[in-house]
Structures are given as C-alpha cells and as structure tokens.
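Multiple structures are listed underneath, in structure tokens.
What follows is chain A paired twice: with chain B in the first complex and chain C in the second.
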Partner chain A sequence: MPATTVGLPRSLFFHTEGTLVRRYLEGIGVTAVMSPPTDRGILEAGLSLAVDETCLPMKIHLGHVAALRGKVDAVLVPRYGVLASSFGEMCVKFWGAYDITRNVFPDLEVLSYDVDRMYGNRERKALLGLGRELGASHMAASRALRNARREVASAKASLVAGQTILEAEADPGVPRILVAGHTYILDDRLMGTPILDLLKAEDVTVLRSDRVPDVKNLRKRAVEFSPGLKWAYNREQLGAIATMRDQVDGIMVLLSFPCGPDSLVAELVQRKVRDVPICVIVLDELTATGGLKTRVESFCDIVKMRRAG
Partner chain B sequence: MRRGFLGVDVGSISTKAAVLSEDGEVLASSYLWTEGNPVGAVRRLLEEIEPQCAACDVEVVSVGTTGSARELIGAMLSAQTVKNEITAHAMGTLSKNPEVQTILEIGGQDSKIIIVRDGVPVDYAMNTLCAAGTGAFLAAQARRLNIPVEEFGERALRSTKPTRIAGRCTVFAESDLVHKAQVGHPVDDIIAGLCTAIVENYLNNVGKGKEIRSPVVFQGGVSKNGGVVKAFSEALGCDIGVDENGHLMGAIGTALLAQRSGREAPFDFSVGSDEFETRGVDCGGCANMCELVLATRDGRLIDAWGNRCERGLVRAAALVESA
Partner chain C sequence: MSAPRRITFPHMGDYWVPLKRIAQLSGADVVVPPRITRHTIDIGARYSPEFVCVPFKYTLGSFIESLEAGANVVCQVCGGCRFSYYAEVQEAILHDLGYEFEFLSFQGGGNILEVMLEFQRKAAPHTPVPKIAKAFFDAFRMAEAIDEVQGRIRRDLAFEVETGSLRRVETEFLRQLDATTTPRQVTELRQETMRRLDEVAVDRPERPLRVAVVGELYVVMEPYSNSRIENELARNGVEVHRPLDLTTLIRHSVGHRKHIREMIRGADPYVTRHIGAEGTESVARTLAAIRDGYDGVVHLKPFGCMPEVNAMAAMQRISREHTFPILFVSCDAQSAEAGLRTRVEAFADMLRIREAGVIDA
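Let's look at the complex of A and B:
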C-alpha cells in the first residue's frame, strides 16, 4: 500500500539531502512532511529512546522520528554507505540508521532507500526505486528527480557562493573564524545554531567548513592531515581546514560526544595546525549555554587581541 | 579625589574585588567565599571595599564584572563592562607580569591555558567536557583521605617517591588511589602522586599541542598547592611563577577592561542595599523550556537572561508587570 504522507526526520542525512528528497517526493505526488527544528522536547524524547552510548545526533534523530509518529503514514530513513571509492564512506550511524529506527519503532512504517556503491546503488537508482515503491511510474519519477536535483544543485551552489562572496566582501579588519563541523551539527537548532549565533554576536566573520567551494578538491587536500581517512564528511572537513587555514584568524571545531571520527579530526587539527588559534567545543546533551558563551567569547577575544597585536 | 576602577570577579567558589587607580595600582581589594549566593557575596564585598575606598579618597567611576556570575552581578552593579574570566585573567596577569609567555590556570571547576607572545594572548584552551584534574577533584580526594585539602601541598612536598596514579580519568584515578592505599603506599606519596596525575592530565588535555614557553605563571585556587607547583616545574623543566595576588588577577583584569572601555558613570555603593532580587522562571513558550532568570530592582525588571529567543524577554516583562 503506497503511503500518501511521508515524514522526513530533520536529522543526520536530511540536513543535507532533505530538500532533494522532499522536492522529489512532491514531484511524484507524495506529501512530504519534515519534522520541526530540534528543540528540548525532541532531544528528551530521543534520549529516552536511544541507548546511552550512542552519539548525540543519533539520539536527536530518534527524537525527530518520534515527533513524526502519528502525523504521517510512514517515516523515511535512508541508508547511506560507501559513496564512491574516492569520497570515503559515511559514518556507521548512517549505515545503521534505518535498522536502528525500525528496531526502536517496531509499530511504525519505515520506508528507506539504500545508497551504497559497494552494491552498485547510486543515489539515482536508490531514489527511483523508492519512487516505484510509492507507486510512481519510472518516467514520472525520473522527471521529478531530475527537477529536484536541478533545483537543489542551484540552492547548494548559492550557499557556497554566498560564503565566497561573504569572504571577499567582509571587512578585512574583522577577524575570520572557520567553523568546522558536520552540516547535521551546524544546522541543528539545538547543537550548532546557538554557537553560530554566539559567534555572530561577537562581530566576527563566520565561515563554515561545509560551504568551502570545490568539495572534490577538499577531499584530496585532506591527505595533508592524514593519508587514509575513512569517513567522507571528515575528509571534507579536514580538506576545508587545509584550504582555509591561511585565510582565517581562528578555527573552531565542533564535535558531538562521543563521536569517534570527530574526535580523531579534532586531535589531528590540534596537532597539525600550530599557527592558528583553535577552539574545540564538544557538544553533549547537557551542554549549558553559559559554558558555551564563555568559550566562544574568550576565543573571539583571543583572536581579536592576536590580530590587534 | 582620585578616580578608581572597580573589578569584581564572582566565581563558583570565591568572590574577589579590586579597585585600581588610573596607573594600575591596587587601592582596595577583598576576597571571600561565594557560598552559593553571589548577590549576598557581592553585598558583603562592597561593605569591605567601601571603607577602603573612603580611606584613600577614591571615587569609583567605572565597574567591570567577570566570572561565572558576571551577568547577574553586572546587572546588579550596572557594570560598564561584563567580560569572560579568561580574557580578564589574561589582562590582569599581563599587567603584573608583562614578560609572561604561558599562563596556566586550574580553578575549582575548570582549567585553562593561555599562550602569550610579545604581550598578546595568541592561543588558549579550556577543559572540554571533562572536569578531571580541577580543584573539585582534589577536594573530593582530600575528603576520601580525610585530610584538609589545604594540607595537600605541604604533605606532597614531604614525599620522596610519588605513587603512580592513573590520571586520565577522575573515576579511574579514584579507584586507582583506593587500590594504592589498600596495598600499602604511604599517604604522602599518594598525595604527591595525585599532584603529578593532575599535572599530567592537564598537560595531556588542556595543554595538548600547545608550546609552553618560560616564563610560566600558574594561577587559580590549585596554584596554592605546592605539590602541584612542584609537579609542573618538574614536568616542564622550568620555574613556575605563582603570584601572591594570583587570586585577584581576574578582578584586576576586569577593572583594567572597565578603565579601557572609556565608559564611565558614578558608582554608588548603596546599590548593595537596594532591593535587588532574582528569580528563576520556566518560560514554557515552547518545548525548549528555557529557564529564565529575572533580575528586578525595587520591583522593576532590569535584566533577564537564559532565553533562547525574543519570546522569553516579552514573557519576562509580562511576568514582572503582573506581579
């Protein structure tokens, strides 16, 4: 039975792929509903559903699924595995999200699509398969996907271009800070947004690692930190730092507890970048804004004093 | 009448104040325990500072606050400058030790390192999630050993062979400590081992990847512990400077920042006797359940914080009006 209303949890992959999937589903006549931005209630629901040892973004993901329960016919939780040999792999949480969600919500209909080059599943093939499952003809699905991709590509390009313009136009007297972190952390209302807001209040130019142009080049440049990084997003982050380190006055690394790949990135950055001030902020479910404010404020002070000489 | 600048540093454990003259001389100072009541502590502080200022004919023209209660006390004193404790400490220390290249600090609940080059702070780090190796850890171990924490330094210095204690994690350190005591290591050696563990922990966490150059200044409550000072000196292979006035550096720094801000307003010590009240309210406007703090003076709302969005402020104003 094809579901008519599909819920997309505003977590993990859907911070980056959400718009594409939403536009695609709408194109094949399916109503797509995204869960609201993370708030304390979603976090708390997630905490009560998840095992203690899992990472904060996964806990938040489960909270988002819970927020959709009862409002949709099915929830869509994809599986992202190996993207391409040269890109690296997605974190195991992305591999397991579908199975974890199904196990936590046995009564919920969970749709999925599987992107994994190891099995020859590219994103296009996976999404067209999902369309078929939802009752769309191959032609309608192809057209919807093509349109959605075009739209999203131009939106993504304008985000990246926006940062490039910001970089070029910003007052050279104002310090620049590169914030390195996953999109699903930076764009989360509870994790990244408060920190980006605190930074903006400090009168600095904020640049994001996920908006540094030329992703392919970033993946290559990550080898300046380590030749064999496994995880795709971490490669992009390190590549962004390698590209931008000479152009910024400070680097802030955001990571969520207890993320293994992220803690490795923080370690590599702290060991290998010695000429730019670095601030590592570890986010956990208890993070109080008071402590964050002190850290962000003092980091910006140091960066400004260093510039002023 | 001379012009003075008041700096108030309200930490989790202690509250400090210093009044500086225009050329940076400390004219008045005070140091007392916060005892979980920052507003009360600052009232007592002002009572101690006022006669000192009167005695040397000083008029306070600008106020700065720092420390974890800086916003609260900033609102209470209508401070011109409210600054985080790291910047304040760096400014204070630099004014007293212009040559310093590294500032180590271990306080009651956090630890930091500030790297200074040519008189300018260029890098810093602060403990992240983990509070291992701070004053709170030492105090907890002191209770376990039933020894006043003030005696820790002296006893550590008596030891000739510090016991090796795993310092990576407070929980492991604690069980390791119990084990070492049970197998018969002398208490003094265990205390010396704890001091070494704190230093190793600090250098591997907060100090990781930082180039620690001499001269080094060590501050914060734990700097009063001779055992930790010695352990730092051995680990870094250089002398560690501990200033008698180390506990005042935050207050001195924030007084300097108040002076530099150029913002001035006559300060009235009677602000301490005003009806200044704070209360916590759950906003309840959405699922974020922000815990608002409302500060009122004589029944009027003067400040509110803790809100994530504008709705909180609107709500705060409405709550005070309805009361």
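Let's look at the complex of A and C:
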C-alpha cells in the first residue's frame, strides 16, 4: 500500500527543492505535508538525536523529521550526490542524509529518490521512479513533473527578479551588503532569518547570494576564481561573490558549525577578496542574539564609515 | 626558478620511504619533512581555518616545516570529500605566509594510475612513462612490505615477552628499506624481517581480545594524530587488526566504483548508498568485524569529518542492535592523551568483562 501522505522536512534540500517536490506529489494525487518553520523545539529535538559533531543544518533536519513523525505515512528524504559536471557535486552530508535519517529513525517509513550521476540518475528519472513507487502511472507522473517544473522555474525567476528590482530601485546612497550563504541557512527561521532581519533594520540594501541572476554564469565565474571547487552550492555562492564584489560595499558570509565545505571556502574568500570588507559569522546551536546584533551593527558601521570616506 | 628544485610531500605514518622513491623521479632533491611532532601540529593549526578537519592542519604543518628546511616544490594529493579542496586553500595560505614555492596537486580522480600520469605531466615531464610506472610499482612493493610488517607487529604487540623487541625489528626494517635500490632487495628484506618477527618471543593467550580499527584514512594511518592508540590498545592486552592501510587504499583506487559497490553491499541494510570517502567502508568493516567474531571496533575520525560522522549514525545503530562495543574517537589538534588512555583502558576492561560473561548480551 503506497503512502498517501508524505512528509517533507523543511531542511537541507527542501528549501530549494521543496516547492518542486510538493507540486509534483500533489500532481500525482499524494498529499504532501511540509514540517513547520524551524523553532526552538525542532532544534532541541534535532540536538538530542544527532551525533554531536554533525553540522547544525543536519541536526535541524533530524528535528524536522521528528516533527513529522506520527503525522504522515512516510517522510521523504532525497539523496543528492554527484550532479552534472557544470553543477558540481553536493557535500557528503547530502549523500548521507537518507541513510542517516533511516538509522536515527529505524521505525519510520522513509522514502527517497536518488539524484546521482555516479549511478546515472538524473533528477527527472529519480522523481519519476518515486512517482512509480507511490502508485502513479508514468503518464501522470511525467505530466505532474512537467507542470511542477514550469511553476517552480517561474517562482525562482521571480525571486531573482525581485532582487534585481530591489537593486535597481535602491537608493544609490545606501550601502549594499551581499549576504553569502546556503539557501538552507538563509531561509531557516532560526539560522538565517534573524540575521537578515538585523541587517534590514540597519538601513542597508541586503542582497542574497542565492538570488543573483544568471546562475550558469555564476558557476563559470566560480570555477575561474577557484578551479578546484566542486561543491554545487558553493560554486553558486562563490560565483555570486566574484560577480558582485565590485557592486557591493560589504560581504557577510554566513556559515554553520562545523560545515565542511564552508570551513575551506570561507577561508579562501577571505584570502582572495581583499578589496571589500568581509564579515564571517559562524552559527551554532548556542548562537546568542545579543552577540549577533553587536556584530551585525558594527559591521554595518564599518561599511558606512568606509563609504563616507 | 633559478634555485635548484627541492621537492617535498606531507608525512603519513612511515610511508615517507616509498613516497621519497617516487619524489626522486622528478630529478629534484627530495626534502623528507621532519618527523611529526607537537610543533608540526601547533604550527599547522595556527595557520589553518578554525574548524577544518585535522589532516589539513597536520599536512599544512608538515609543509611549513619542509619549506623552512629549504623545499620549494610541494606535492599534495586530493580525495573524495573536503580533501579534494585542501590543495587550493593550503597553497593560498602558504603564499600569504610569504613562501616562494611551486605547488603540485594531484587530483587523479581517486585512481592511482591517473595520479601516476598526472605526476609524470606535472613533476617529471622529461621522464618516460614506463620509468615512472616502474618506480610507482617499486614504491608500491615497499608500501606492501611496510604494511605486512606493521600488520604483524600490530597483532603481536600486546603479547611480546620483552617490551620493545618488535619495535626494534621495525626500526631496523625501516632503516634498511630506505637503503634498498631494487624490488628484489625489498622482497628479500621483507622476508628476512618477517622471519625475524617470527623469532621474537610472543606469549599469546589462547583466546585474546581482538579489536578492529576503522575510520578516516589519515588519522588511522598517522599514529601521532591518533595519540598512538594502537600502542595503547596493545598495552591493555588487545590484539589489533586494521583493514585499512596504504596498499589496500591503492588497490581499491583502481576500479573504485566496484569497490564502493562492494562496500555498500557489505554495509547493507544500514547504508544503502555511498556516504562519502571511507564512510561506507567504516560501516561495512564494522559489520565484517561482528561476523568475524571480533570483540570490538575502534572508530577513528578527525573532529567534524563529514563522511565518518555520516557513518556514525549507522554505527551507533549497529552497536545498539548487535550489542557490539564500538569506541568512537575524535582526533583534533588538541589531543588529551591522558583522557584517551583512560577511555582505552575502560574499553578494554569492558571487553574483558563481557568476554568473561559477567555482562551478557
């Protein structure tokens, strides 16, 4: 009996792929339930379940799965591995997320789809396979996927366009700050949102690295900037930094402890980008808002003073 | 560059002997880095990103010590996780520190044959490929000799009658290995050393405690980085086995995907897809250790190691479901040896009590 209500944890993948998968599942007649935005309770649950050296987003992910337990027939945790070569590959946490979730919740029904060039699985093939598993005909699944993709492309484009408009209409006298970070950090209610809010209160124009237009070009720029970089999210992020560094007054890098890729990429950015003030903020489960506020304020002060000459 | 080229590479265990043989192919003088000490890791950690994994810090420290000793060509290889990005960041750090050097990184796609061709292209363009291949093969023979000798020592160390007698043979072996010039001499030395090890008096109990050491390759193979945990286990009367060494690593690098498939099969049902680097292997080796009747597993990883932390979720479940003892050890720049000693002692005691049947599964 295929699952009829599928839970999507609001973590890692589903900040970027959530809408696509939700629309797709609904298109094949499956009810998709997304876990609520991260709160203290979800974090606490994640902390108690995870190996303590796991990165904060993975801990939060496990908290989200726990929040869905009992409310759905199955939880969907995809696996993203090696993508097309121009995209790069995902960090190994994304490789392991499915098996980690299964091992932490042995009694839970965990669905998955596997996007990995190493096994010849593209996203389309993987999602259609999931559709089959959930009892949809190939025709219905292809149609649902096509519709979902169209809708997501336009939603993504409108986010990017929103930032472009913001940029064009912003008062040129107001300093611009590029916030660089993974979408699953920037969009997380507990990790990124508080910092974005603090920045917005500072009378600066806030631009996000994941909403810089022409992502294809960003990947290319990233590889020029750092030939050895293979992580997909970091390529987009580094490409955004390389493209925007002349157009912004400051760069704020948000990363979580102890992120593997970011531990090195943030280091390289600080060593190679010397002409723009950079502030690196490392988020962990103990993050105190008071300390954050001081850091954000003082960084904005530096950026403003520098601009004023 | 007008100064004569002086080539160096990072330390890992005693593998500097075969690595030196390969580095010599470049025609440059070889600077073997000074032995890893507290200084190596202190200086490496000082210039490393804060929470990068510890092999980065050790190899950076090794590079700085070699550059100080006059090296000007630095070699680094790359692997399947963060390791693939070490080279670029280390190069930037060393440049910012003001060193003048050439940095050669070998991506190799995780395959020794590709690494070999890349080495020829970047480090020894005037040496014909067959000659390179032969040197790589000779070096492989040396690594095999090291692994066989040290594998035996690991097994017997807990039971030697006269303390230090096995290590004495080992020291002599490594000294002579560096002096060999032909594969034949390597084979003879290896056979001779194994004979000498056979002659060392060993008092093995009928049913000794047996432990398998698994985990991330660097901290498993560099004794300094794991506070010489194998010696510590031996001190507590435990026979140590280690499925991972340089030769197996190199063998598996040829036909890497097939190896990963085998490991996934071995890790089933706890791991169904590759979880990165040696992560899948750690899980498979743990299950194999249970099947083969080992008394416990020691899992070594650098603090925050991405693949091995992935593996831990599976290994904790295995430990629970099979009531099988696993000691998880994280290695970082700050290692508290006394703390580790206590943990190993307690682990060995627990295995012994369990073996005696006081605690029943």
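Rule of thumb we're sticking to: the second predicted complex is superposed on the first by the 307 of 309 C-alpha atoms of A that agree within 3 Å, B and C clash if a C-alpha of one lies under 4 Å from a C-alpha of the other, contacts with A are read in each partner's own complex, and residues count from 1 in each chain.
Methods note: contacts are C-beta pairs under 8 Å (C-beta built on N, C-alpha and C of every residue); 3 or more make two chains touch, one makes a residue touch a chain.
Bear in mind the structure is a predicted one, so any value in this text is a computation, not a measurement.
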Practice task
Examine A:298 and indicate which partner it touches, taking first as chain B and second as chain C; both and neither are also allowed.
Solution key: first
Practice task
Could you look at A:281 and tell me whether it touches chain B, chain C, both or neither (first, second, both, neither)?
Solution key: first
Practice task
Considering only touches as defined above, state whether A:40 meets chain B (first), chain C (second), both or neither.
Solution key: first
Practice task
Examine A:147 and indicate which partner it touches, taking first as chain B and second as chain C; both and neither are also allowed.
Solution key: neither
Practice task
May I ask you to decide whether A:257 touches chain B, chain C, both, or neither, giving the answer as first, second, both or neither?
Solution key: both
Practice task
Report for A:308: first if it touches chain B alone, second if chain C alone, otherwise both or neither.
Solution key: first
Exercise for the section: For A:93, decide between first (touching chain B), second (touching chain C), both and neither. Expected result: second
Exercise for the section: Using the touch definition from the top, say if A:271 reaches chain B (first), chain C (second), both or neither. Expected result: both
Exercise for the section: State whether chain B or chain C is in contact with more residues of chain A in the superposed arrangement. Expected result: C
Problem - Contacts of A:5 with chain B and chain C, given as first, second, both or neither - result: neither
Practice task
Could you pull out which residues of chain A sit against chain B in one structure and against chain C in the other?
Solution key: 257, 271, 282
Practice task
Over in the complex, which chain B residues touch chain A? Could you list them?
Solution key: 68, 83-87, 90, 114, 118, 120-126, 128-129, 208-209, 211, 286-289, 306, 308
Problem - Complex contacts: residues of chain A adjacent to chain B - result: 39-42, 194, 257, 270-271, 274, 277-282, 284, 289-290, 293-295, 297-299, 301-302, 305-306, 308-309
Practice task
Sort out for me which residues of chain A touch chain C in the complex.
Solution key: 50-51, 53-55, 79, 81, 91-93, 95-96, 98-100, 102-104, 106, 114, 116, 118, 226-230, 257-258, 260-261, 263-268, 271-272, 282
Completion exercise
Seen from chain C, its contact residues with chain A in the complex are 49-53, 56, 78, 80-82, 84-89, 92-93, 96, 105, 107, 257, 270-277, 279, 303-307, 309-314, 316-317, 330
